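Only one structure is covered here, and it is reproduced in the block below.
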Amino acid sequence: MDYQRILEEIADEVKPLLKNGVVANYIPELAKIQQDKFGMYLLTLDQEPYAVGDYDEKFSIQSISKVFMLAMAVGKCKEKVYRRVDVEPSGDPFNSLVQLEYEEGIPRNPFINSGALVVTDMLISNLSDPRGEFLEYVNKLTGQDDIRYNEKVAASEKLLGFKNAAMVNLMKSYGNIHNDIEEVLDLYFDFCSIEMTCHELAKAFRVFANHGKGVIDSHRYLTKSQFKRIAAIMLTCGFYDEAGEFAFRVGLPGKSGVGGGIAAILPNEYSIVVWSPGLNRKGNSLAGMKALELFTTKTTSSIF
Amino acid sequence: MDYQRILEEIADEVKPLLKNGVVANYIPELAKIQQDKFGMYLLTLDQEPYAVGDYDEKFSIQSISKVFMLAMAVGKCKEKVYRRVDVEPSGDPFNSLVQLEYEEGIPRNPFINSGALVVTDMLISNLSDPRGEFLEYVNKLTGQDDIRYNEKVAASEKLLGFKNAAMVNLMKSYGNIHNDIEEVLDLYFDFCSIEMTCHELAKAFRVFANHGKGVIDSHRYLTKSQFKRIAAIMLTCGFYDEAGEFAFRVGLPGKSGVGGGIAAILPNEYSIVVWSPGLNRKGNSLAGMKALELFTTKTTSSIF
Amino acid sequence: MDYQRILEEIADEVKPLLKNGVVANYIPELAKIQQDKFGMYLLTLDQEPYAVGDYDEKFSIQSISKVFMLAMAVGKCKEKVYRRVDVEPSGDPFNSLVQLEYEEGIPRNPFINSGALVVTDMLISNLSDPRGEFLEYVNKLTGQDDIRYNEKVAASEKLLGFKNAAMVNLMKSYGNIHNDIEEVLDLYFDFCSIEMTCHELAKAFRVFANHGKGVIDSHRYLTKSQFKRIAAIMLTCGFYDEAGEFAFRVGLPGKSGVGGGIAAILPNEYSIVVWSPGLNRKGNSLAGMKALELFTTKTTSSIF
Amino acid sequence: MDYQRILEEIADEVKPLLKNGVVANYIPELAKIQQDKFGMYLLTLDQEPYAVGDYDEKFSIQSISKVFMLAMAVGKCKEKVYRRVDVEPSGDPFNSLVQLEYEEGIPRNPFINSGALVVTDMLISNLSDPRGEFLEYVNKLTGQDDIRYNEKVAASEKLLGFKNAAMVNLMKSYGNIHNDIEEVLDLYFDFCSIEMTCHELAKAFRVFANHGKGVIDSHRYLTKSQFKRIAAIMLTCGFYDEAGEFAFRVGLPGKSGVGGGIAAILPNEYSIVVWSPGLNRKGNSLAGMKALELFTTKTTSSIF
């Protein structure tokens, strides 16, 4: 299939959408991104890369990092992870405290903020240098050594992160946070501040497309069963309150971030990453959603 | 692959579970079912059938019927269906009125009761004889002509269906029910009262596995895109508050019913139906869930 | 104290407010009321009447009738009433189903719709001719025999009463409605359709100001203790989501209705009724609230 | 009236209840209180004191302190207080975050924790030495100079105060907390840690019974209107989820604390304080509620 042509067609077709949507502006570092950026990167398991647009520009991966957090925690703690965080869709806007209170401090899934905060807490308990080791993990997944936190982004997030602080405190009141609250928050904001390009994210997610085994280093990051669970969570919970919509329109397990990135996989086939900073009402990249929909439609690939 | 042997192994392995779980007992017709029933039926697209246990015994398909309701409505009304019912997981027990009130009468998805009631309302508006035509539709999907409503089951459900009545009334107050409330309720309870065997359900669901096209009659019941959306809804919303769990453990789009049946598909490959009346805490067949998990594990088939 | 002068001053001072607020328009019978109507009637225990404006014009008492329903039910069933309906403020808009579901069919108090529906259900169970006997009760309280239901108003309410129907069904699902749903709804809408003047309501409420004993007929409608509970409920729950505001601004136990009436009492001293059809955002008479606030301020009377 | 005899009768009658209820045990300082303590103190406006039991023993006033916080804030900031905190009953258990999120950071009333935290925040903004000045205020109200915070209680509360921290953070995210979160929490826990005897609390609350004017020092702490609002809030919101019950059974504005104290007033007549550490399911003193009910019944005094 002529993937390169397809990507170029898509870039063309979504161009009119780039001015729609709203760039996240709750912190200055995200607000200043140029709205008309658009990049897309496709990496198949047999390693042929296809790319278009700003695919080599770094952006803030934000919530996409939650997939790395979960993968690392599952690698370390195995099934125990799922005793402290559920795996069901939340059915609620992504910051809601209601459900957390109703379910006595157990987050609905690891991809809402409360769930990722619990996962962060587990990493603190199980790593001697969580900040360093997490970065190392992401670098290794990607096959690089130069991926970094953006401390300025993390600091800005922290300054306004009162809802996240509310959630950690609430979960601590139910005994589901074991470490110091400030430490959990600081680390969580660092984790979300990682900057990567479409290309880099595609390399990291290709490991997931390969059922958890590195394509280049052959390292087994996850067992097949561990991967399957993470893929299921990506499919049912990866897009805030738009998971059903994404499952239908795109039909791939994936994860979006408020920086405008979306990373997705077709197991056994490919990883694909798109970046466009304008967000729709639900907080997902507007043009990014459309681009992936066009891609699975044009290639008739989807898990269904 | 030796599917027949696998089914037999599974029947053996789940036997100790059959006494666990609780048979639905809110109406006498369901309560009297023998708890240790177990049947399983696998139908691949190339028509080889494999079966084990009580696969030829009729049971009340209950909520599995919601897939047929939605398919018929989508065939009639196309995309308009999704203006009156959303496609997102509910994140709440399956009878909750809260979300319905919060979202002003728009059900979260067509597989919770409120959503299926709206779909029923649409069928009334768009068919001249909805009761007869729906039965005809299910019979045609199955390639039979003898599938029937169980009027006694429907009458019992109606007698105790106050929560469903509450939901229809609430939705009517928001303008999302267009027909007479009693008519909607009566028809809905009829739709859920259909009785089928594992074998029959497998035949009907094979049409979905074939992307909406009849395997025998070659009739196109759904376009590929219409099918894809229904499959996505089955995956994200098909198991009440256990959709994420099922997506992980089984990894197939499917739908369960309180009668103990579960129908699932692997697109392009097969339909598979299991029946065991004992339900787990979330209202899904306890042994049925396990049987399907064993099946996709043993065959390493799953959408992921 | 020169009560007559005070009422006239108040009528003057609230005149500019009469054009503010919104007349209830969900049924045609209420929508057609002239917005600038204003009446006020004060009746002290020693029987001197003071009045101003349209105090002799009939209006739809609507929710004020809930006080009569409760009083009659308490007279018949004593403390048992409070086993099926709680006595706590709802803290929620007056139609909410959420709390009802959360508290398993027990309404928060008898002055929200769900609570009044349960009270209606009790009256059906305990009276041979509830429709006739209730009217007789209200007539007797008032010392008249010509107070009537407005069947047209009741019929209009019924036609649009889906939220109330949702609530009755939900409560029936929890076993807290014992009679036929249609019968409960019909009777409830009749009860709310009663038409009275400020003068008539003041006479009826004077019985409450007199701790439940008729001033003229000396009949004991309620024991002192029964009265005290009803007064407490009026104070904490009588004004939808504005009970705290009313307790502060006016400082009297009372009850408002969507027809624009408010009836209140100062125990041992007087009953006072005001009518002005324009409602504020919370569903209480805008000018009526102000008029009562001016009255208790000018007379420095209040329960505090 | 022979108040002394009545108090002694009551002490006798509630004695069997003292072993019921549960002493608050979430912090060690409260848990170690002897359960069978019981004290009661009545102070009329003409200064005759009546007392029984352990009326001269210090206990942790806890939430009763919220009345002092509110009174001081209203004295300083006037009506502006009510722009940042509502005056309606909460209809929910006293720690709930749900309503706070639903109403975008505006607490329902100043007597739930979130409301008192906002009041604390206002005191920080408006006083140069809030910790010292608040203590001075309470001492002056009481006519003493030796009332103190219990730093050990405050420290214990702080150590476990994650739900309160969650609420402050959530309100900060909505802009309704202006000062540093730690500062607000520290001060709030200090305020709640004050220790007073029944006698001392009765002296302080007599100022409220006197409509906000000191009986001995003749200082006007609150205008009559400011007092009226606070009394209305005590009546509708002073007893967590049992305000309606208290309004009926006792019929006095008041406030309870988790230390087992209840302070109440009959405006123009008296203040009355009872202490008994065993709490009922709703968090109010079990024997204390009964004692006050007996008191208003025996003296036939109540605001109704």
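Letters A, B, C and D mark the chains as written, and numbering starts fresh at 1 in each.
Please note the rule applied: contacts are C-beta pairs under 8 Å (C-beta built on N, C-alpha and C of every residue); 3 or more make two chains touch, one makes a residue touch a chain.
Just so it is clear, the structure is predicted and the values come from calculations on it, not from any experiment.
Contact with both chain A and chain B is made by no chain of the assembly. If each chain is reduced to the centroid of its CA atoms, chain A and chain D end up 48 Å from each other.
Mean C-alpha positions place chain A and chain C at a centre distance of 55 Å. The distance from the centre of chain C to the centre of chain D, each centre being the mean of the chain's C-alpha atoms, comes to 32 Å. Contact annotation for chain pairs lists A-B, A-D, B-C, C-D, with touch applied as defined. Those residues of chain C whose C-beta lies close enough to touch chain B in the complex are 96-98, 101, 160, 162-163, 165-170, 172-173, 181. On chain A, the positions that touch chain B within their shared complex are 86-92, 99, 108-109, 227-229, 231-233, 235-237, 241-245, 247-248, 251, 253, 267, 302-304.
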